[in-house]
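Chains here go by letter, A, B, C and D, matching the order in which they are written, and residues are numbered from 1 within each.
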Amino acid sequence: MPVRLIESLATTAPLAEIFSDHSVLRAMLDFEMALARAEARLNIIPQSAADAIAQAAKAGDFDGATLAGAALRAGTPAIPFVKALTERVRASDSAAAGYVHWGATSQDLCDTALVLLLRQTQSLLESDLDRLEQALFRLAEQHKDTVMLGRTLLQAAPPITFGLKAAGWLGAVSRSHRRLENGFQHSLVLQFGGASGTLAALGEHGLAVAQSLATELRLTLPDAPWHTHRDRFAELVCTCGILCGSLGKIARDISLLMQNEIAEAAEPSGAGRGGSSTMPHKSNPVGCTITLAAAARVPSLVSSFLSSMVQEHERAAGGWQAEWSIISDVVGATGLAVASMAEVADGLTVDAGQMRENIGATRGSIFAERAMMLLGHKLGRDTAHQLLEEAVRRSVEQKRHLSEVLGQMKEVKDRLGPDDLRDLEKPEQYLGSADEFRKRLLASSRRKKSGGKE
Amino acid sequence: MPVRLIESLATTAPLAEIFSDHSVLRAMLDFEMALARAEARLNIIPQSAADAIAQAAKAGDFDGATLAGAALRAGTPAIPFVKALTERVRASDSAAAGYVHWGATSQDLCDTALVLLLRQTQSLLESDLDRLEQALFRLAEQHKDTVMLGRTLLQAAPPITFGLKAAGWLGAVSRSHRRLENGFQHSLVLQFGGASGTLAALGEHGLAVAQSLATELRLTLPDAPWHTHRDRFAELVCTCGILCGSLGKIARDISLLMQNEIAEAAEPSGAGRGGSSTMPHKSNPVGCTITLAAAARVPSLVSSFLSSMVQEHERAAGGWQAEWSIISDVVGATGLAVASMAEVADGLTVDAGQMRENIGATRGSIFAERAMMLLGHKLGRDTAHQLLEEAVRRSVEQKRHLSEVLGQMKEVKDRLGPDDLRDLEKPEQYLGSADEFRKRLLASSRRKKSGGKE
Amino acid sequence: MPVRLIESLATTAPLAEIFSDHSVLRAMLDFEMALARAEARLNIIPQSAADAIAQAAKAGDFDGATLAGAALRAGTPAIPFVKALTERVRASDSAAAGYVHWGATSQDLCDTALVLLLRQTQSLLESDLDRLEQALFRLAEQHKDTVMLGRTLLQAAPPITFGLKAAGWLGAVSRSHRRLENGFQHSLVLQFGGASGTLAALGEHGLAVAQSLATELRLTLPDAPWHTHRDRFAELVCTCGILCGSLGKIARDISLLMQNEIAEAAEPSGAGRGGSSTMPHKSNPVGCTITLAAAARVPSLVSSFLSSMVQEHERAAGGWQAEWSIISDVVGATGLAVASMAEVADGLTVDAGQMRENIGATRGSIFAERAMMLLGHKLGRDTAHQLLEEAVRRSVEQKRHLSEVLGQMKEVKDRLGPDDLRDLEKPEQYLGSADEFRKRLLASSRRKKSGGKE
Amino acid sequence: MPVRLIESLATTAPLAEIFSDHSVLRAMLDFEMALARAEARLNIIPQSAADAIAQAAKAGDFDGATLAGAALRAGTPAIPFVKALTERVRASDSAAAGYVHWGATSQDLCDTALVLLLRQTQSLLESDLDRLEQALFRLAEQHKDTVMLGRTLLQAAPPITFGLKAAGWLGAVSRSHRRLENGFQHSLVLQFGGASGTLAALGEHGLAVAQSLATELRLTLPDAPWHTHRDRFAELVCTCGILCGSLGKIARDISLLMQNEIAEAAEPSGAGRGGSSTMPHKSNPVGCTITLAAAARVPSLVSSFLSSMVQEHERAAGGWQAEWSIISDVVGATGLAVASMAEVADGLTVDAGQMRENIGATRGSIFAERAMMLLGHKLGRDTAHQLLEEAVRRSVEQKRHLSEVLGQMKEVKDRLGPDDLRDLEKPEQYLGSADEFRKRLLASSRRKKSGGKE
């Protein structure tokens, strides 16, 4: 089932595939097969029944659309699915039919199927995250000496390096990668509790079946069923939200750097990328745009999920039923954002010359703080501050460089020599701890890779 | 394109159909055909080109999945779509190919296509709203004398009638129906502005083409293009959010009334409805549950839409691109909620006997306010209040009716005769203005129907 | 009660004043006084009681903090407030004490008090909206001929006028102003229903008291009490959300135009505005920043409100109790955004020279569409398109103007004369319907002012 | 600064105190004092300056309201605050005035001050969480044998124990407690980067000052400044959101159990709790209601925070400025919810007799699954299913117990003896693994307490 046009900017093809009917049905069948196997092994149902169920499940040609229609009537996909599977089993082995879904409840099936699907998304997301982190790491290394304007409230500020900027992006992404791993690890647990979460239909064998089923499906067995305790999924959803926030920040930065008047960076313009239907000259920040669209959608989906956690007693009326589409939307959007930014970072063009030019175009005003500090030691800070305000004013009015203006002010000339003035606007000399911060960020991101703790 | 399993509780089949690839493509083709027709009529492009475009558009066998994939690369479905249409036209009339999408920009196409799709959803939503309102009206009339407990903070309170309750539901729904009509009316406007929203490519003919195009598509011509002014869609999305809130309230009420211990109402149990995969005895509030799931999802989608309104300059980088999936999700969920509650209200079983029994089971404690007022006139309010507190305490402890307890308290016996005491717990006698309120609500809902103003 | 530091960027002083304890208590006392007056007039309570209540209410020195603490215990401010007022009345007239709050329930008091407070906020918001609209109108008139770059996806696009841009902003603001008026009008209604919404304690006099109370408070009498039907407030909250979205869009635009490299506009730098604690040279977009902060907060508050509409039976357990802080936050943030943007628009500096320079800096690439259209008529569109792609490529590589490059291409020279080429990059000649759209927007905004309909 | 009436259901007094002007100013002064001390120790500023700054800071009688007003003008509280402190220092030591806030930027001050405030909230939140967990643990132990209805979609389901229910609540709370600890640990880090995040003004001493400042304030030193990387705060905010979701679930459950018709549990009715202004008989679920109100507000605040993470370059225009009120609201609401539920759980009344009665009132229908399993072994599942459907139908129609109906069906009588039938409806015999799950949950919550890993 392909991505639909109406959501073509909302997920990726591989993630859409994981949440397709075919794949959802596969996961549901996997649950029922594994359940039957586990119960047969413990002599709770006949081995022949387990075999018949496996046989029917493998055939697996259920019609998603029909089931989806029936799901809406039943309030859950599980009921029509189990019915359809039972009929399929009955056709080959009528005695076995009664053992389908034995001891389980609808939500056991739906939740565990979703967990199985989420496990598939994890490797997709993580491999794109790896690619993104490698690209950011490379940028942070390549551009450790590439000076550029700092920008605060969208206004020019003292210089930074692009290496530091990229390292800052990397730091946020790698912290969120760690959170995502934890989120998946905590979420990929079996759901199996029967009607009221006690596995009563299995008598004293409930826990043993649960353990065996978890082993079959290679899932962790939680302390207890969690039909109305959705905090584990919530954690995963939140980590996606945090990650998307950080990706949105990177995308916003890059799209701002791509403005014609700034022109310090450019997205790669691969096949089909970035054109305009009417403007042949354009190179649009498409990857960033798509990422920003995801970052605009995911926070609210997180909110929906959290609101839906208020679930009644042993099975919710509403909160749970809202989850499937929320979670698949969150993961789809997050995966799209990660993939987009991986491509952007991987092919990012950085124009170091333009970055330096943009520093120059401020005519030294961003070094006013620096000049004030230099003069402050000699003149006192208050006097220095007044001098600088005057100098900046003249620099702006006369469109001359701050150092030049300062060089003509008597109080300054006596204190700062020509060398001092010449060096004043050298960005390399006003980077403070930029490179130490950059290195610390890179080191941490590596430590995380190799499994160390923050 | 059918509803997918993963979103089987998130929309209805007819709404999914409207947002299917086939239907989206149809709307996009309708825009391009109408544009060509309008431009040919004004001699801006040759009539033969318009004919060739119409021809190609009618054939219309584009592959949604391919376009969706390319849309993700291009950042919009419009670019690959226009390219595909152009190729199709070129195949039959190479001169005409150059006139496809003449003077328009991608967003003109996407926004107007969405408007055309939304117009289709309007009649679906409104007809289900009509059905819901009729059912609620009927309930409000049938049960004008059906007394039941009022319930505040989920605790028993003085009686109401079920007629008043249904009328209150109706009032909220019909107010939202009116808002929805306004929302659609304000939103169903043409988008047509060209690259920068000036229609520059059409020289001095821009406005004439726009007017003609609007006429072709039977859409209102707005004052100006609105590429980054999304308040009209925002209004529509908000009205859906408000409507879902009111539907959720009704669904919550009914699902609470359906609790076994209360048992005052029941959803209809049509085919496939309300069973349980493990519990043959159950009659689940499926329609309410689905509605509550929608009410849990829509508010956050509204929030996403509003956040996305912060769109840059003449075309947004992110905000706009988030909209298609948000809007289709909002409308899908709203439509599902309306349809579900229409079905629920239409077939609702109301157990007037049980309602009266539940009043009786409070043993008169809900009439303490009434008794206090009666005694207050004779004893002073403070003394009355103390007496009542004592009486309620005894009533609860001794599991006896309040009137009986009161009848044995000397200070009361002297003031309230046996008739007074017998009548004290008659709910019919403590309904205040319930029926006047009920009638006013019904009258307003009718006025709205017939086009009057609130 | 002043604005607190922790929320100093979240509301304005006048709005904080309206939601201060003093003002909230005033509104609550107004309700109780009016209720007593209305009931005395209808001979439901003694006139002397109404007088005593009015007397006590006017003294009005209740301690907000003590009541707030008790409110948290009681689950509503109404209970401790009524108790405190009753004690106050009892002190002067013990017989009157029993008539305080006669027939009303806590929510009647709280909701109506909130309505009274909201009425006060309306004039504040509307007067700032008027100021903003006037400023935008003025900008749209003054700059009708000021050409500037269109910008799509943050990339240069064909020119617009700043007048059109300002008119577009105005259009959105004035549409939302209209919505806000409607929202207030629909919301400013009396709440009065007694314990279960039937006014049972008032016997057959409920509706008459309600009508009289509404008249006293100059509020509309709704069809019925609306304790758990919150759609009216929801509409008001939504209109604030839509307005903030549009204000955020304007703020985003202006903050982008203020970037040093673009420098086309600047916020006014009034007292205390826009400095930096470390950077003397900076002129920050403070008003825009504050507006964007509001636009970031309000959408989610809207979502909270909509989620909270799912309220149980006759009085909600949770949904209602969440409303006071949501609504006061929404109105505070909206008012702050309106006031900030009114100040920004009122004093906005527009640098028409820089706007023209930024067009020039694109070296004509934004006119490629135009050149293609001109050549298309003579060479066929396909050939024209290829020529232009080549010309744009050369223009970028050689850093020469597009018209110059085109002038040296043989195929072009034969078709476009020197005059054509000289005019090609004149933005005034490629504005299409910009001014017609501008005028239509201004006309609509005026019609709205004078009460006409859209 | 006390809790205001308008937000009296939105936070607790101790949390309001932490976010009061006095406390916010204290945190800001602590930052400036510690900075001066650290810089003096490293000989970057004179010791005398540090002393003068400490002196002025300790006096500390700044006017929050004046600063809040100026903050709105400046776009941050830091600018007026630093100015005020500088004036205060200048008054006693004019030379020292120039060293106030040396090398720091506004956001360093604001973020670190917020971190210091959050540290204060941690112990409040955690101690209430401990109290809540202890109460839930106790309930889970005391009621390990207290049988009650399971309830799915608000309908009766096979029995559980109240001990299991309480243990499930405890599991969710203790998992969130762990998350909250992590969230605080990751968030309580120093912010210190200077204008562009490079500490350039401190030359090569930046990192050393940062380390020293972190030590002074007992905060972790992060890899680098994080002015526009807000993922750490986002994590903390999300953990609050998840916790509130779980608390909301518990509150919903308890408020449902408190319905008159169900009456299985009751909140403690401490001083000022749970009354009604009009209904003397009521015992409202006040603590649950307040918790549900918090759970309705926090998810959207989380969403706001996540949306606001898209922050530009080195200092955001809008996103950051939205944070203070969001974070203080989130923590206030979360703290209120925890405190409320701690009180509720601590004093919860559980009516085991009523629980058993409510099971009985279903007349055995919830044991239909059980009967089907028993008969299935002997009759085949299909036949058993048909028999049971018929039996349930008769049981409901005739208002007789299921076991009684079954006892009169010939096919059953031959297979189930009188003992079987008598035991069929014994809830104790149909609890499956309930107690094992309960024990596992309790054990995990203890392990977490003692520091073990999940």
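As a convention for this text, contacts are C-beta pairs under 8 Å (C-beta built on N, C-alpha and C of every residue); 3 or more make two chains touch, one makes a residue touch a chain.
From a predicted model like this one, the values you see are computed outputs, not experimental measurements.
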Contact-richer chain pair [B-D vs A-B]: A-B
Chain centre separation (chain B, chain C; CA means) in Å: 24
Separation of chain A from chain B, taking each centre as the mean of its C-alpha atoms, in whole Å: 32
Where chain C touches two or more other chains at once, by residue number: 75, 105, 151-154, 157-158, 194-195, 201, 248, 251, 255-256, 276, 278-279, 284-286, 289, 292, 295-296, 299-300, 303-304, 307-308, 317, 369
Pairwise touch network: line, ring, star, complete, or other: complete
Chain C partner contacts - residues on chain A that touch it in the complex: 151-158, 255-256, 258-262, 276, 278-286, 289, 299-300, 303, 307, 358, 361-362, 365-366, 368-369, 372, 385, 388-389, 392, 396
Parts of chain C lying in touch with chain D, wherever the complex brings them together: 1-10, 12-13, 19-21, 24-25, 64-65, 67-80, 82, 101, 104-106, 194-195, 201, 248, 251, 255, 270-279, 284-286, 288-297, 299-301, 303-304, 307-308, 317-319, 321-322, 324-326, 328-329, 336
Interfacial residue positions of chain B with respect to chain C in the complex: 75, 94-95, 97-99, 105, 150-154, 157-160, 164, 167-168, 171-172, 175-176, 179, 186, 193-204, 206-207, 210, 223-226, 228-232, 234-235, 238-239, 241-242, 244-246, 248-249, 251-253, 256, 292, 295-296, 298-300, 302-317, 369-370, 373, 376, 380-382, 430-434, 436-438, 440-441, 443-444, 454
